[in-house]
Structure formats: C-alpha cells, structure tokens
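The letters A, B, C and D name the chains in turn, as written, and every chain counts its residues from 1.
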C-alpha cells in the first residue's frame, strides 16, 4: 500500500490548494462581514464559465481570458454587494445569509440561461495532458496540476503582501477588526467593503478557472466547493486567513488519506470531512487559529 | 386557466404540501427563531424521520407506531447533533449543522441495504387506520392536516408556556439567563430534541403523501433552503410567522409553474423568479413578515 | 456571606485578577472600587460563575461554589446586574421580571400542568416589584423600548425577583441622573433592611462612600485596601492607585 | 397583536396570490379583451393537443435534462411541421422535475389536474418517474420516459412505459462476458446514482469473480485517490460506471494522468459519447462495452446531430438518450393518432408496439411497458465503437485461443 503514498500526498496537495483558493475569498468576506456567504462557491462557478466564454468559445488567448475573468468577477462582486448586501449590512447576520442563498441560485439560473445546462470542459479536441513521471514512476503529475499549484501559491502570497503592506490592505484589516472604529479613523467603509467583495469574488473566480481546468465545469460545481471552503475557514478559525489555508489543507489531506489508505470508499468523503469538522469544533470551539476571546458566555 | 380554484385534486395536493411544510417550518422555528440557533441540519432530521417511518411502514407496522418511531429517531439525531454543537458560537453552529446535512445525505446514499441509496424507496403505501383507508387524496389531506393541527397546538402550547419564555430569554441574552438560574444547556437540548421530533412527524406524513422518498437529490440543500426561506420569510421567533411563511413560500414555489414561459427557459426563469423574490423580500422586509428583529447569530 | 480566597484569573500573560482575597459580611452593603481595568468586572464574573478562575476559591454562605456553574450559583441565592445592561429587549418589561421568579413554572414538565393560577400570582408579584422601582406603567412595553434609566431599574428589579439574598450590582449609578440615583439608593437601603446583602462596583465615589458599610479597593487585579469608607478615602495607597504612581 | 398580524399577513398573502393570479390568467391571450378568456381559450385549445413534459431543467440533472429538452423540441417541431396529429399540433408543457421525486410529483399534479394532460413525456431521472407513477396510475395518465433505467420502473404501474432499457439487461451481458474473458478480479468505480447502481447490482449478480468496488457521490469530481486504491489491487479489469459522459471524461483524464494500463470495461454512457472515445482512443482501446441497438451511422441520427449543432453550437451529447428521446416523441405522435383522450386505447397501442424502427433501433414493448432492447457487446477500436464478437463461442474450440487473448489483453 505504501507505494501509492506519494501519489496520495500529491492529490491531497491538489485538493487542498483548490479548497484554499475558494476559502481565502470566503475568509475575506466571511471574516469581515460576519455572514456565511452561500454564493461564494457560485462566484467560482461564474468565473469558470466566464473563462469558457472568453477563451474556449470566444477564442481569446488564455492570459487575456484570465484578466477579463478577474475584472468582470471583481465588478460583479461589487455590484452584487451594492445591490443586495449593502442595504442589510446593519441587520442580523442571518439576513445576508438568506440573501446569499438567493444570489447563488440567481447566478446558477443566469448561467444555465447563457451557457445551457450541459457540463462542459476546457479540454479541446486532442489536448492530451502531458504527464511527468517522478520518483521512479510512483508519482505522475501533469502540467495543469503544476500550474494550479503555482497560481495558488502566487495568489496566496500576493494576497498576504497586499493585506500586510498596501494601504488598502491595512484598511481592509482595520474594517475587519472593527468597522465603527475604522469609520471614525476616516476609512471609507463603503469603498473598503466594495474592495473586499471585489477581491474575494475575483479570487473565487480564478479558483473556479483553475478547478475547471483541472476537472470540468458544471452549473452546480459551486455548491460543494463553497461548503468545503466554509469548513476550511471555520476549522481554521473565522477571520484568520492563515487559519483558512491550514483548514483547507486539513480537509484536503484528511479526505484523500482516509479514503486512500482505508477500505472506506470515497463516496464517504463528505461524511468524513464533516464528521471531522464537528469533532474538531467540539475540541476547539474557536477553530484552530480563531480569536481566543474568552467571553463570559463561555463559563 | 381559472379552473385552478375549482380543481379539487390540485388544491388538495397543494394544501397537503402546505401542511407538512408548516410543521417543518414550525419545528425549525423552535430552535432557530426561539433559541436563536442557526440549524442548517434540520433537513437531516427530515431524512432520518422519513427513512425510519417508511422502512417500518413497509414492514407492515401500524401507522402511528411508524409515525412516532420516525419522530423519535429524528429526536435522537437531534440529541446527537445538539450535544457537540450547542456550546459553539454562531457561525460554527451554522457550518457544523450544515455538515450534519452532508453527513446524513452521504450516509443515506451509501447505506444502500437500508435505504436503497440512489434508487430510493418507491411504492410507499398510505395507511389504513381503524379500517378507514387514507389512500384517496381527500382522505390523506384530512390525515395530514389532522396531524399538523395537533402537532401545531402542542408546539403553540410549548412556545407560549413559561418554558417557551425561557427559550426566548436564551435567544435574547443567554448570559443574563444563566444569572437568573436557568440551565440554558438543558433548555437548548430539550428545544433541539423537540424541534427534531416534530420534523420527524412531518417526515412521516411527507413520505406517505409522495409515496416515494430518497434518490440522489432528496433531503439535501434545495430542501434545506426551502425550509430556511419559510422560517426567515415568515419571521423567526413568531409562531404564526412560520405558518404564513409556509403558505406564501409554497404559493411562490408553485406559482412560478404558471408563469407563461417559453419552453426552453422554464427551468432557469422559474429558479430566477423564486430566487429574486426571496432576495427582494429579505432586503425590504428583513424581519420577515411577522418576525421580531431576532438575534439568530448571537456573537 | 461571600468569602474570596486567593482568586486568580489569567488571560495568557494578562493577570486580570491577581491572587485577590476579601470577604463580604452577611447583611452588609460592601463597595468594590478601583481604577478602570483593576479587574472589578472580571471578579464579578468569577463570583457569579460566568468565568472559571485559574486559581483560588469562592465560598457563598460557607459553601465552596468554585466549581459550580453560573445557574447553580444563581439558584443558591446570587443575583447580579451587568455594566452593559443585559435585559431581554424583545420581551415585555413584566416578562423580564416574571422569568426571574424561582417559582416560575418553566420546567418542560410544567407545560402540560395547569399553571394559569400560579402565573397570575407571579404577574401580581412582578407588578409590585415594578411599582417598587417606579416603572409599573411601563410593564407592557418591550424592555428594549425603555429609557436607559428605566432599563437599569428593570435589571435591578429582575435581580431582586430571583429571590437572591446576595445581590451584586455592576455600576448601578453609571449614566443616571440625580433623582433616579436617589431612588436607586433608597431601594438598595430598603432591601438591605429586609436582610439582603449588597456588593456594588461603582465609580461614583460620593454614592459608594455614602451607602457602603465596607469598601474593598482593587488595583491591577489585587485588593490593595479594605475598610470603612472614611478609612479608605484618605488611605495613601488608594489615592496613589487613582492619581497615579510615584515610583520610588 | 391581532391587528399587526392581520395587516402584515394580509399584505403578504395578497402579494403572493397576486403573482399566482397574474401568472394563472396571463396564459390566456390578452389581445382580445371582448371575448371572455375561457371561450377564446377553449376555441384555441381544440387545435392543439397538450402533453405534459417533466425533465430535470435545473440543478445537477440539468446536465442531461437541458440538452435532451432541446432534442425533444427538435423532434416535436419536425412532427408538427409534418402535419402533427389529425391536423392538430402537439404542444409540450414543460415542467422542471429537478431530478427529484417531490418536485416531479408536484409538477405532474399540476399537469394532470390543471392542464388536464392525458400523457406525460418524461421523468428523465428514475426518481422523477417513480414519484410521478402513483399520480399517473390514479388518474390513468400515460407516462412515457425516454431515460429512466431503474429496474423498479418495470413494476411501477400499468400506465407507466419507457423506451429506454432497464439497467438489468446491460449488467447481465457484461457480467457474463467478463466471466468468459476469465477475469478473476474486476475493480469497479461506480457513481452513487440510480442508473449506475442498477448496473453494479446486476453485474455483481452475474460476474463470478471478485469485485473490488469504489463508489463516489454525484457532486464529487476527484477520483484520483479511489483510482489509486483500485490500482493497488492489481485487478484484471477496471469497470468504469459513471452516470454522465462528463464524469466519464474526468475519470479517463485522471486515469490517463496516472498512466495506468489495464483492461477496461465501460457502461453505455461511456460508449455512447463519440467525443469521448476519440479523445481517449488509446486509453479505451479494446474496452468492453454494451449498448442497445443504437446505430450511430443512421442518417436520421446524423441529421439530428447537425440540427442540434446548428441550434446550440455544441455537439449532441448522450447518443443513446438523444435517440430514445427523439423516438419517444414520434411514439407519442402515433399514440395520439389512435386517441387523444382515451388512455386505455393509448395504453393498448403502446403494449402493441413491436418491431417499431427508430433511431434507437427496433422497439418491441413487453408486458411491463419496458422496451425489448437487447444490449449487444461492443468494443472500441481506434476510437470507434465496433461490434464485439464474444470469444466465448470460440473458446470451447481451443484453450490456446483463450489464453492467447488473455496475454493480448494483458499487454
């Protein structure tokens, strides 16, 4: 059984990278605006379809396609935020949660209307995956998998630097910490939240493109992605970006290792991941990196 | 086209659906509206109740035995989900309970020798009680409304009793409730078990109404979103809110069937209509039709 | 009534309460003062069971309650109010009181027993309590719609309704106009005569010195002085704590 | 409390029922205000025959519901262009079954009770058809499903028909051939879905060797770990059993990436999708599949492919489903010619079908309302699906032949 270990590790890395990409965007929005955004997975789906429209159908070169996807997705994020989430920003968090459910369903309907329901993929005729054999044939890796890894690492690093050092990045973290205080200090809340949504949506869209390139794209691909990304964000602790990444890796590795090394068939994947999540939350009620606020409610 | 209102069979079916949706909405409202616990796992109780009821009924047991067995099975599931998650903070409860929905969905598809997995269970009979057959639609309509009304009265008594008042104090401010000597964990578990119990009752009448349960897309996210909409739209924390919510949501859900839509667009346009009405109502009437402004996701 | 021995509570490096010990005699009105961040509210939360201490013991009426959860301590006779008033805004003012009564039939098994008579009695008792604090006319308003002062009075009345004989008040005088302040003072004194013990955190020196039999002063989590109000007022260490350190 | 209740409840019920009413009467023609809508409607109704149609148009099921709805519309337009039935046009009233029992049943109730249809075209997913069956039986409405393959449908009711074969047949044919090929251990990757579980159950009844089974949920798209696990078992053959061609595409891609060379077996979803067999030609070389008599070179089929391509810009997916859907529309036409309202006459017509030629081959309906299609074994050579002569018949003559084919399969 051991000889398949390298392959399983590589697959776990792949799955974790995909969850991390979606989880990061979710953590930005979720951590700051404090509501579970059910439409986050669908933002990824829309990104995948936009790329399909621009590049596969539209014939644009892929790098223009990616740029277009990021711009359109960012705009979409801001527009959705202004129309649907801005009016309820002050209401209890379950209101935007329900609205995000509606937004997700709406995006799916629009995509079926535009692209039709049948499942598509980026692979055109005869594009055969180049397979590289490593570690003496025990590990086979493809070009698209490698690009996915690099793009993910690049985006995570870019986001980290953007948040840490850029002006808007600090503004975002300020708003994340305390909206009212940030407002008093002259941070334009509207602009910052708009940027948060733009960045969060664009990240999800790129994640969608990466995932579609690696697998295929369907109208309902967003849902299970979004839910696993939630689990990663919450596992890592709400509001902590490194936490979301660690959470994504925990899910990616546990899924593949448990299924890979035990007789449990992979159709139990969801049950395993969420069983693990509930147990972890029971042990770490704040998530691994979550704010350790000791509240009186705790006693 | 006006024969909708004269056509009894259609209206019987319509209001039969409304019956168990009211019961499902009310049971979810107990834990979500009154205790303030965002339970995204309610559809799991519905599934467990349905499978337990159906399997026992198909083995020839008496209707009431099966109905209560389904409800008790769901209540036990309520305990199982409640114990590890009740101490968690808001978002963590949301994602942990959503995880429960995924676990139940995964198990119901995989345990094929119990639930027949994706093949579902067809040919579920309608009961004969004291020699009276409830097979015809109008008879079954009476049965489901009888069960709904009796359960509704019990739930009303519970929620408007001193016990119910304590649930509301827990929702309003559980820390204060503690200092008044209330063992809030016990109340939460009781509320959770009762909420799951009545979901189990509704599951029973649902199963014999449709006479087929299971299959890949049953008891999953679309059904969960329907229940969430009923409670949120009706108004969390309001008994009559869930009743009105169930009627309104079902009118919307069935109403879209009658919109004059060109053949190729039926699917997407119906989904888009339902989603946008949901979003609009939650923006302009966030408390729902009759709800109080309830802090469901207490920090 | 209350004995606190070597109470210690640490968040990571921060010692919110630092090996603090003091007593509150039965039937007394004891004040607890100290600069902001001295650990007063944390001490309150430790005593009422909302937080678990890192070290130390708490005795109520001679019994060691350190391991008791908050609701068990409350039933043993501890009532309290909060700095940031924690009333139930979406419930009527009178309901805020009724739920606090020990005889409130709120067990699950009570639901199907006839409780109409008992609930009527509780309504009468609640109205009386509301009259005592002067907000009887607001009984059927949602608690959230009351004024700040009225909410404070409601919270105090609610603490009394629990039947507690040891009531802890967290800054009752904060943000209150003078007339209301006197009303609160008289109410405390009236209850004290009826045998209730009070433990009051307050910044309003004039109010606390006037009402307390004994005052405990805390600074940086430690009790630095305990004594009669007069002794406390000119105790050098207290003044130093408030007016800033002259580090030798 | 009461006035707040009535006021808000009133507004909302009014709002919702307004929408309900609006949609209800919007159906009648608006432009003739003088006649009362009902007479006008009755007059207009006489020259069209309404047929209910339930397909999964949103959600996961849309992957096949949406494209096959387009196929059905193409077939319908052709039927109506050719004069329809007794001079009347057939009108399909589409409802979204969402590949879920409850939604399909509610759709059927509306179609049967409100639109007063006598025939329901569809459920596509087995769950849809099984949930519609009790309603249709009670109302004596004909159900003709072009795609539900669950064995339960065979006994779902007297008015319940389908022109897509039950899984049972396919599983049997492949199972027996796997025995003939002398496979001792077969690894099976199966989707937890109605069509695929049916095949797995029947295959395991007929295959005598050991089966290593891995399953995945419909919304899963990462099978690498499962495949690696199966590879470690060193099976004699790998049986790919997905519900949709896109899942098959993904599985082949992930097998290709693992560079795993093993004898392959596939279900007819894998075989029926031209784009798939050419794209992974060398991977699926020699793959054993079984399809019912669906002839890809049939000129009508090619015409359908071109028409579909011209309308949607994409290739026609699911050859088998497309052919049964296309044929089912013409069956409905001929059935309505027999009678537009008497469902017992329609029922007898359907039971009487024998040797009816169509895109999906020669159809004879058995006493349970199932098609008689026999699955024929096929294999894939150079990316093309070709008939497969089972070596079983030759095997009795000489063991040499059999062992030789074993090596060749191994290589």
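A few notes on this one:
FYI, a residue touches a chain if its C-beta (ideal position, glycine included) is under 8 Å from a C-beta of that chain, and two chains touch if they have at least 3 such contacts.
Note that this is a predicted model, so its numbers are computed, not measured.
Following the contact convention of this document, B is the list of chains adjacent to both subunit A and subunit D. Here the chain at the heart of the structure, going by C-alpha means, is B.
A count of C-beta contacts for the chain pairs B-C and A-B puts A-B on top. For subunit D, the chain with the farthest CA centroid is C. Separating the CA-averaged centres of subunit B and subunit C is a span of 42 Å.
Distance between subunit C and subunit D, defined via averaged C-alpha coordinates, is recorded as 71 Å.
Work out the mean CA point of subunit A and of subunit B, and you get 30 Å between them. Subunit A and subunit C, compared by their mean Cα positions, are separated by 47 Å. Touching of two or more other chains is recorded for residues 106, 109-110, 175, 178, 267-268, 271, 293-294 of subunit B.
Each of the following residues of subunit C touches two or more other chains: 49-50, 69-70. Shown for subunit D are the residues that touch two or more other chains, namely 57-60, 62, 65-66, 192, 215, 217. Within the complex, the subunit C residues that touch subunit B are 48-50, 69-72, 74-75, 78-80, 82, 86-91, 95, 98-100, 102, 104-108, 110-112, 115, 119, 158, 162.
Listing the residues of subunit D that touch subunit A in their complex gives 57-60, 62-67, 192, 213-217, 219-226, 228-229, 231-232, 244, 246, 249-250, 253, 256-259, 278-279, 312-314, 317.
The touching residues of subunit B, when paired with subunit C in their complex, are 157-158, 161-166, 168-169, 172-173, 175-184, 190, 237, 292-294. Across the complex, subunit B meets subunit D through its residues 1-4, 7, 9-10, 13, 17, 106, 109-110, 112, 117-120, 122-123, 137, 210-218, 222-223, 240, 244, 247-248, 251-252, 254-260, 263-264, 266-268, 270-271, 277, 289-290. Those residues of subunit A lying in contact with subunit D across their complex are 1, 3-4, 7-8, 11, 14-15, 57, 108-109, 112, 116-121, 123, 125-126, 128-129, 131, 133, 140-142, 145, 215-216, 218-221, 223-224, 255-256, 259-260, 265-267, 269-270.
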